[in-house]
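Presented sequentially are two complexes of chain A, the first with chain B as partner and the second with chain C.
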Partner chain A sequence: MFRSVPVVDTFRDRLPATIHVLFGIGFIALFLLLPIALLVINSLNFGGELLENYRIALSDVYLRAIFNSLFIAAVTTPILLLLAFFVSYFIIFQTERTRLMLGLVLLPMWIAYIIRYLGIQLFLYPNGPVVSVFDTNFGLLFSTAGVVLGLVSGFLPFAVLPIYNSLSGVDRDLIDASSVMGATRLSTIRHVMVPLSIPGFVTAGLLVFILSAGAFLAPDILGGPSDLMIANMIERSYSEIFDINLAAALAVIYTGILLTLLVAFNSYLNIGEVLSDV
Partner chain B sequence: MTRPTPRIGHATVVLATVVYGILLIPILMVIATSFTAQPFPTLPKTIDLQWYGELMSDGQIHGTLITSFIVALVSSIIAAAIGIVSAFGFVRYEFPYKQTISTAMLLPLIISPIITGVAILQFTSRVGINTGYPTLILGHSVLVFPYAFLIIRSALSSFDSTLEDASVVMGATPAASFVNVTLPMIAPAVFSAVLVSFLVSFGEFTATQFLVSADATTVPVIIYTMMRTGVTPTITALATVLVVIMTLVGVISEAVN
Partner chain C sequence: MLEVQNLRKEYGDLVAVDDISFELESGEFATLLGPSGCGKSTTLHSIAGLVEPTGGNMLLDGVDVTNKPPYERNVGLVFQSKALFPHMTVAENVSYGLRMNGFDEETIERRVSEYLELVEMETHATHQPDELSGGQQQRVSLARALAYEPEILLLDEPLTGLDRVLRERMRNEIIKIHDAVDVTTLYVTHDQQEALAMSDRVIVLSDGRVQQIAEPEKLYHRPENPFVAEFIGKSTQFSGSIESTDPTLLQNGARTVHVESPEATQGTEHTAYVRPESIEVTTEPDETAPNSFSGTVVHSEYLGNRTEMEVELSDGTVVDAVADAVPDVTNGDRVTVQFEPSEVIVL
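Let's turn to the complex of A and B:
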C-alpha cells in the first residue's frame, strides 16, 4: 500500500544543522544584504568630499520627502490600528459569518497593489461614482489624504492579522467576568480586551509603520506633487536624474531608520504571526 | 452556557460598511469599469466586452502575461526549495541568535521593495548578470522568500517529528524517511507556499520596475506604463484578468493548506 521511494546512498546522513540554516542565511546575505552593503559604497563620494551625497540627501526636497514619509506613516498607523481592532472585534464577537468576513478582509492581500490603487483612482475620478453623487471627491485624490486613504486600504489586512490573532486568543471567561461584574461593553473593551491584545498592536503597528514609510505606489498614484515620499525620491534619483549615488545615499538613510526601529522592537516583533493565518 | 448574540448598533453597521468598502470597492471598481462601452473607464450601463477583444489581439500584452507567469513560477519554486531546507534548520535545531536571524530571513518583506530593486539591479550589473529574466527571477526569489519560509516553517513546527523517528527505528535511512514520511506530510504546505509566492511575484511592481528589460516585462509594469498615458478600459480589462487569476490562485492555496 505504501511504496517507498528509493533514496541514493550519498544522502544517507542528514546534512548537519548549520548547513540547513546557512543555506537560508546565505541566500539572504548574498542576494539582499550584500547588494545593500554595496549601495553604501555607491553612496560615498571617494573622489572629493566623502559625505557629499548625504549632504544633498539631507537637504531641500529630499529632506522634506524623508520627513513626509515619517509623517504619513505616523498618521496612517493609528488609523490602521483603530480600524483593524474594530474589524477584529466585529469578526470575533458581532458576526456569525466569521470565516466569510475574515476572508473578505484577507482577499485584497492577494490582489496587486497597483490594481487596488488604480481602483481608488477610478472611484474618485471626475467621472467616477463619488463625484457623480456628491459633485466633489472631497479632495481625496492627488492629495495627502489620498495617500493615507490608499495606504489604509492597502495595508489593512497586515494590521488585522496580528490584532485578530491576539484578540481571538483572549480568554472568553475574562470577558464574561468583566460583564458579570457590571462593566459596560466599552469598558470591557478598554480595560480587558485592548490591554490583552497589546502584543498584536505592537506587531501590527511596527509592521504597517515600516510598510507605509517605505511606500512607493500610493504616493505615486494617489498623491499630489508635494506628497512625494522617500521611495519616490530614490526612484527619481535613479531613473530620472540618473544619480545612482544619491539614490544609494537615500536608500542607506532609509535602511538606517528601519534597522533602528527593528533593533529597538526586535523582541516584540513577530511577523510570523502576521502570516500564520494566510 | 450559550451566550446571547450581542445586538449590533447602527454605528457598528455603518463603520463595518465603510471598512469593507475601503477594502473591496477598489477591486470592484476595476472589474466593473472594464465592461464599459465608453472609451474611458466609467461604471457601465450595459455589459460590453470590446476591451477584452482588444486585449486578445494585443501581442505585447500576451508576451507580458507569459513573462509574469514564467518569472512567478520559477522564482516561487526556488523560494520554496530554499524555504524547505532553511525552515528545517530553524524548526529542528537550536542555535545562538535564532530570533534575530529569523527576523533577518523576513527582511525582503520588511524592507521597502524600492531598495531591494535598486540594490539587486546594482548588484547584478556589477557581476554582469543581464536585466530581464535572470534579474527578474533572482529579485523575485528574494522578494517572495519570506512568504515561502514562513508557511513551510509553520507546517514543519506542527509536524510530529516522532513519526520520522519511528520510520528510522523501522529501518529507514534518515534521508529515506524524510522523502517518504516528512515530505508527503508537508507537501500541502509546500504547494501552498509556492502558490502564495506566485501571487506575490505576479503582482509585484515597485522592485520589478528596475529589473525588467525591453523584451521581458511583467504585467504590473505594463499596467503602470499604460496608466502614465491615461487610464483606459483596456487597462482595467487587463487588471480584471489579473484579479481573476490571483483570486483563483489564492483560493486554491487556501484550500490545499
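Let's turn to the complex of A and C:
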C-alpha cells in the first residue's frame, strides 16, 4: 500500500476543522436564526391574547398585499425567464462580443435601485419621452404593469447569469447534431437547449421569484395605491404606525408562505437533484 | 451523388479550405485523410451546413445545397464527441431525426428498432447515453445518423478516443453497416491505416488542398506527389538528379540508384522513395542486383508477425526495412540492402 503524502496545510494545523464549522454555524445562528427567533417572539403578544397580532395580520388589507406580492412575483418570474433566455441566447450564439454584452447586462447593478426606478418613472411621466412619442404611457405608470416592468428591469441580471451559465455549458455538438438531423432553430431551442438549461432556469426562477415577492421599492415608486406589496405593509407598520409586533407577525406569516411554496416546488421537482445534474 | 466544387473557407487571414473539389459516387465509401489542420473537418462541416463556405458550391444529388441550412440538407453526421443527447434515452436519440423530419409514429418505431438492431444495441433502447461505454455510444450515434435515411453519411473522426482494439473492431463494424445500408459515406480521419483499410477511395488533403484522390492501393504504390508519398506509409528517400535515362540512374550524393521512370529526363531533380517491404536486408548479397548498398543494422523491432529494421548506410542515410518473422541479423551487423528499380517510386 502507498502511504499518502502528508499535505502541508499550516492553517488547517492551527485551527481544527470543528472551529471552521462552528464559525460558519455561529455566523448563521447569530445573524439569521437569532433575528428570526426574535421576530417570532416579537410577533406574539404575551400580555393578552397571544396571537392577537396574527389576527390583525390576517385581515383583508394585509391578505390582499400578500396576494398582490405573490401575484406580481408569479407574473414577473416567467417574463424574466423568457427574457433572460433570449438575452443569454443572443450573448452566446449571435455575438462575438460576449464579454462586452455580459458587462452590459451587469452594468445596471452598479446603479442603486431607487435611482433606476425613479428613472423609469421619469421615462413614463406625462412630460417624459414615452408620452411625447406615443401620446400615452400605455398605463405603465403607477400600475401593476409598472411594478412588473420595474422588477423585470431590476432583476434581469439575476435571471441572465444562471441561465447564461447553463446555456453556455450546452455542448455545441449537440446543437449541431440537432440541426443536422432536421430540427429548425426553434425546435433545437425547444428540444435541446431548454431541457439542458433546466438547472439555470430553476436557479434563476427561485432567485427572481423570492426577490420579486419581497420587493418594496418598485411598488412604492412605480405602483399605484392598490399595488402595495407585503414588504411595503411590513415597512409601514414598523416605521409609520410603530407596531413592531404586527410587522413581526406579517414577516413570520409571509416567510412561512414562501417556505411552503419552496417545499411544494421541491416535492414537484427535486431542486437538489436538478442543480447537481449540471 | 455529392459534388464539391471549388470549396473555399477563410477564417480571417487563415485559409482553412483552399479550392477543394471532388465527387462521390452513390454508395461509395470515401475518406478525407490528412494531418490536423488540413481542412478535412471544415470540408465535412461545410457539407453538413454547419460551416458557411467563403466560396464554391456543393451539390447533393444534383441539387445545390450550398446556401441551405443544415436542417434542409438531409445528411447524417456522426461526431467525434458522439454528441448523444444526455436528456434522452438511446431510443429517443435514434428517433430524434425521424421526428424532426416528420415521420409517422409507426415508421419511427419500426426504424428505431431496425437501426438499433443494425448496430446491435437493441437491448439498450431504454438506457441513458451516460450508462453506455464509448464504443456503445458511437454505435448509437451511428444508428441515430442513419435512422432517417439521409442521402449521405458523414463521419467526423468517429473512432478517436476509443482504444486500439475497439477501434479496429468498430472499423469493421462501420464497413459492415455501410455495406448493409449502402449509403454514400464520407469519412474523416487523420489515421492513414483507418483510411486505407476502410475506403473505396481516399481524398488526401494538406494545407486546405487536395493532394491526391485515389484507391488505397494506388495511393500507397503510386503516390502523385512528395506529400502523399511521405504521408502514406514509411519510405526511404534518395534525392538527386537524373544522370542518364537508359537505364535511368539517379545520382544521390556518391550513390547511384537505379530507378524506372519513363517521364524522368536527364538533369532534372527527383526523389526516389523505396517502401520498407521493397527492401531486402541480407548478409549474402546478390552481386548482380542493380541497387545494392552496404550498411549497419542500427535498430530492430520484433513485432510478432514481422520485424522492422533501420539500416544506416555509409553516408548516414537510414533505410527503413521490414522482414518477415525473425530475421537472421541483429543490431550492429554489417548487412547489404537491395531493391529492384521497378519498386522505386520516382517523384
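By definition in this document, the second predicted complex is superposed on the first by the 246 of 278 C-alpha atoms of A that agree within 3 Å, B and C clash if a C-alpha of one lies under 4 Å from a C-alpha of the other, contacts with A are read in each partner's own complex, and residues count from 1 in each chain.
Just so we're on the same page, contacts are C-beta pairs under 8 Å (C-beta built on N, C-alpha and C of every residue); 3 or more make two chains touch, one makes a residue touch a chain.
Keep in mind it's a predicted model, so treat the numbers as computed, not measured.
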item	value
Comparison of chain B and chain C by chain A residues contacted	B
Partner chain(s) touched by A:I115 [first = chain B, second = chain C, both, neither]	first
Contacts of A:P35 with chain B and chain C, given as first, second, both or neither	first
Which of chain B and chain C A:P195 touches, first, second, both or neither	second
Which superposed partner A:P129 touches (first chain B, second chain C, both, neither)	first
Partner chain in contact with A:H20 - chain B first, chain C second, else both or neither	first
Chain B and chain C footprints on chain A, overlapping residues	176
Chain C partner contacts - residues on chain A that touch it in the complex	171, 173-174, 176-184, 187, 191-192, 195-196
Touching residues on chain B, where the partner in the complex is chain A	3, 5-6, 8, 12, 15-16, 19-20, 22-30, 33, 40-43, 82-83, 85-90, 92-93, 95, 99-116, 118-120, 122-123, 126, 138, 141-142, 145-147, 149-151, 153-154, 172-176, 178-180, 196, 199, 202-206, 209-210, 220, 223-224, 227, 231, 235-236, 239, 242-243, 246-247, 249-250
Residues of chain A defined as touching chain B within the complex	2, 4-7, 11-14, 17-25, 27-28, 31-36, 38-39, 42, 83, 86-87, 90, 93-94, 96, 104-105, 107-108, 110-123, 125, 127-129, 149, 152-153, 156-157, 176, 185, 207, 210-211, 213-217, 221, 230-231, 234-235, 238-239, 244, 247-248, 251, 254-255, 258, 262, 266-267, 269, 271-272, 275-276, 278
Residues on chain C engaged by chain A in the complex (per definition of touch)	48-50, 69-71, 73-77, 79, 81, 83, 85-87, 96-97, 100-101, 144-145, 148
